[in-house]
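Following are the structures in question.
One chain, subunit A, appears in both complexes that follow, with subunit B as partner in the first and subunit C in the second.
Let's look at the complex of A and B:
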């Protein structure tokens, strides 16, 4: 009897197909996460390479870290602001641009173009615009408005980083929503209009349910992206003023790579990872209620 | 539709990938002095072509007499990320053999991560260890042993845009100049021309350690001499910060937070900056360069330093130390002096420094460098510099508001940094 039967060949082919992805997951996910767990249990002097096992000390330190509550609050405000603004604006722009009119392609390109700009370059430009004597206040001054010192006050600094992030990334959601909107069968709209439905009802009862899988996808992508936003914070505010814009991922960087406390930084990174996983799983579990075609 | 597993994988990847740079263990494999094919690497934060050319020339000359050293590489790292990159290299088991260091030196010395240099330098023929200025070696020494050669010792000085002062009808007498006079003239320039008054370069309402160039004149200091106790809340510091707060929010002698003003672009009447920054002068305006103005405590001098040391994690610490001794011998120190104010008494004369300085005269260099060095204090330096800087800044942010409670804010700075100082 031949060893390489058709079934065995199929199995081998299947494994070969998943091998690159599997290797990537092992190398870049499982091993680093495993190392992060190990580091979180050790105190590591990065200058000498000496590691001392400290058990759960770093996890206990989470409870007594006086900065952590402010960091978590900033993370919630930033992520919440980015997610709400990004999805709302992305959907709004997509709906507006999902029509045939002169210049539609131009506007689609315009809104998408920031996505391809380097995030650091983008943020540096925003940094200049948001200076007290910068471009935005110059424009406001021209129309008789005395603009605030955007990056020097906690609330306006947070607003600034949220808006900068949303303007840069809203194009991705817009494109996803546009693709979804164009997949909605036109007969449904025609039937609804014949039945006398108004635009608002059509959007709420036909469009939104039919694009709900995309809404779920964008929600997950945006939540994850917001929780991992680093460059905007690092370049624009450095986490300040005070701790108003120090989000968790930036705090991880500070602890691990600026303060050289790899152990505590790893603990915070694992906390961030658990937040992302819980949020994603939560959204995934709730999809039955939100997403139209899910069983 | 993306599956939950794939998504989670992506999330885990991005989060955990930030930690992969620290995946290795540090190596210490010293090979002794008889190694062959030795490749030395030194990290620097300059990308100046002339400076790198000089380093390479010195490296080539050394290799000509040391065939066991097959290459000496000067690795230029961006200044902004220098400490992080160097630390990551050390943690990742890829430590350079030699490294420039600024405020990281205390951590490196405290962790025994540097090779002691004193014995080697003293034993090297013609090196002239006693030629070093005491005030320059203090920051890089522990228990009388030198761990890094202070190759750059650039005092802070007051640059004056005399064109702007003339426009505003202001005159100053550099010999009797005080901070109050600088603030008054700066406020007048701002009111008359719209340009900034005085700017503490690189402060930008973030790097508060640069304000030592002001508070030292008020008798203030960030912490006690033994580095154990915060002194931000002392009466001297309250007076210094009240002066700065008034300048920013009452008299507009200093640009407020979020306002950029570059003295070297002609945007300010005065700036406090290191003498080495004179290279930024373009000749677009007339300038004066003077020692720092006197504060209520009288005349003083502040120094910004950089050192070069040998990493204990180097694979070739003996060869690296030998090269460092060559790099910093009297002949090469004289060559380096064209870029970096040296720590050697024999080279510290205005005339010698002026030989390779196109921007400043011998008299200016004598006054702002040579005369200042012996009694200069350094910018605040401590172990855990980044943590102290960040926690201090977070607390100090509350001070840069019109209605700030200055004593309360300074007290909060101490609350924030005292636990780190006490470590």
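Let's look at the complex of A and C:
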């Protein structure tokens, strides 16, 4: 009997083939998470490089951080605003494009195009257009409206980051919704039409219920994406004015890299991780339940 | 047909915020500086100039920064294609003890945002003396979380492949690596191109990582360089910035318009996870 049977060779090949990816995950995902937990339990002195074990001190500091409530509120407003606008706009565009007409491909390409534009370049241009004397206010002035100094007021700055983020990324959801719309069996539409249903009630009674799993799953992923939007905030508002657009991911960056507070920065990073993990696991669970068809 | 006209009109209005920023960016980049904030705003200029394009290259080592972004994105894409197609193939087609458990471990890569791991990773790379080098940008992107999404896509693809194809290869005397390389990879071109597009853009657009790891302008990548076109008083040099942004965006947009089907299919994966 040979030792290297086909089966044994197969098993060895299997391990070798997954090794680079597996080691990558261990080195760049699992160990960092473990380190973040360890760092969150220690206080670092930036100047001496010494670290002292402080236990749950940083977790207690979360409760007494005077800025954190405002940061969490901004996070909820930003993520909520992004997901509502993104899903509404994505559905609207998908429904409009889901019919045969000349130019459908052109519009699909156009609505998708910001997705391939670098986030920083896209956001810089929006920042340019949102200046007090910039293009948007120029256009508003031309129709007799006096536009605000968008990036200098809390509410309008938040609106600006939400809208620029949604316009850049809604193309992905549009494509997913289009695929879902095309998956609705045409016999259902024909049957409804024979029964004399009007197009609005067809949409509400047939289309929407059938694509609602996709909509919900997409909504969760959109929130997860919004929680990770760093570049948009950093380039457009730098978290300001004051704390109005300082969302959690930006606050993590400030604490860890601007104020060099590794311990507290790690604690906040773990908080962000817990939000993302809960939402992603929920999404996976729902997807399995609905036997979501991928491709 | 009035309904059709109404539909196109509605789409055209919706399209304004999608198209205008890019068009405005290009238009403003060839205007002389005093015209940029002229009221009323106009896309037209009587005196088009490429001065801002020249200035982008003299104010910063922009050619070098461009090259950095290109070589990092290409390298990361090639490594990811190799790593993810191997892992995806093994998880889909080879039976080995512990495969399911190992796959679950790999999937945790999709749960953990890079914005979280960068805090500890910065300390690790600092100890390793790799701050202000391109290594963190290459290694973490090519083997870490972004690669896991790629492995997942490849696995989904290979699972659907008919087993007869592999049997035929086996009868021809091919071993596992031969079957993977000679039979399965050539068939996997749609999935590979999706992964390539997804990975290239992920690397090309990285912003937090270079901001954290890199301090020397000649090592910067494009997104980071774009934010540094400010004068001695910290004011934005708008026309230079927009010229540099145009040079960053246009090549990708042109490739997108040519190969838009592949782009849309590839990037739709990022919305699925």
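The rule we apply is simple: the second predicted complex is superposed on the first by the 248 of 295 C-alpha atoms of A that agree within 3 Å, B and C clash if a C-alpha of one lies under 4 Å from a C-alpha of the other, contacts with A are read in each partner's own complex, and residues count from 1 in each chain.
One rule holds for everything that comes next: a contact is a pair of C-beta atoms (placed from the backbone, for glycine too) under 8 Å apart; a residue touches a chain by one contact, two chains touch by 3 or more.
Quick caveat, the model's predicted, so the values are computed rather than measured.
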Fit or clash between subunit C and subunit B when superposed on subunit A: clash
Please work out whether A:240 is in contact with subunit B alone, subunit C alone, both, or neither, and reply first, second, both or neither. first
On subunit A, which partner touches more residues: subunit B or subunit C? C
Considering only touches as defined above, state whether A:39 meets subunit B (first), subunit C (second), both or neither. both
Once the shared chain is lined up, is A:72 touching subunit B (first), subunit C (second), both, or neither of them? neither
Is A:54 touching anything from subunit B or subunit C once the two structures are fitted on A? First, second, both or neither. neither
Which partner does A:202 contact after superposing on A: first (subunit B), second (subunit C), both, neither? neither
Does the superposition put A:213 against subunit B (first), subunit C (second), both, or neither? first
On the A-aligned overlay, A:151 touches which partner chain: subunit B = first, subunit C = second, or both, or neither? first
On the A-aligned overlay, A:112 touches which partner chain: subunit B = first, subunit C = second, or both, or neither? second
By the touch definition at the top of the document, which applies to A:28: first (subunit B), second (subunit C), both, or neither? both
Among the options 80-88, 98-106 or 116-124, identify the stretch of subunit C whose C-alpha atoms clash with subunit B after superposing on A. 116-124
After superposition on chain A, the subunit A residues reached by both subunit B and subunit C are 25, 28-29, 32-33, 35-36, 39, 131, 133-134, 228, 249, 252-253, 256-257, 262, 265-266, 269, 272-273, 276-277, 280-281
The subunit C residues in contact with subunit A across the complex are 4, 7-8, 10-11, 14-15, 17-19, 21-22, 24-25, 28, 37, 39-41, 82-84, 86-87, 89-91, 94-97, 99, 102, 105-106, 108-117, 119-124, 139-140, 142-145, 147-148, 151, 156, 175-177, 180, 201, 204-205, 207-208, 211-212, 222-224, 226-227, 236, 238, 241-242, 245, 248-249, 252-253, 256-257, 260, 263-264, 267-268, 270-273
What does subunit B use to touch subunit A in their complex? 1-2, 4, 7-20, 22-23, 25-28, 83-84, 87-88, 90-91, 93, 107-108, 111-113, 205-206, 256-260, 312-313, 384, 386-387, 390, 393-395, 397-398, 400
Which residues, counting only subunit A, touch subunit C once they are in their complex? 9-11, 13-15, 17-18, 20-33, 35-36, 39, 89, 92-93, 96-97, 99, 101, 103, 107-122, 124-126, 128-129, 131, 133-135, 138-139, 141-142, 163, 167, 171-173, 175-176, 179, 218, 221, 227-228, 230-231, 234-235, 249, 252-253, 256-257, 262, 265-266, 269-270, 272-273, 276-277, 280-281, 283, 294-295
What residues of subunit A sit close enough to touch subunit B in their complex? 25, 28-29, 32-33, 35-36, 39, 44-49, 67, 130-134, 149-152, 213, 217, 220, 224, 228, 238-243, 249, 252-254, 256-260, 262, 265-266, 269, 272-273, 276-277, 280-281, 284
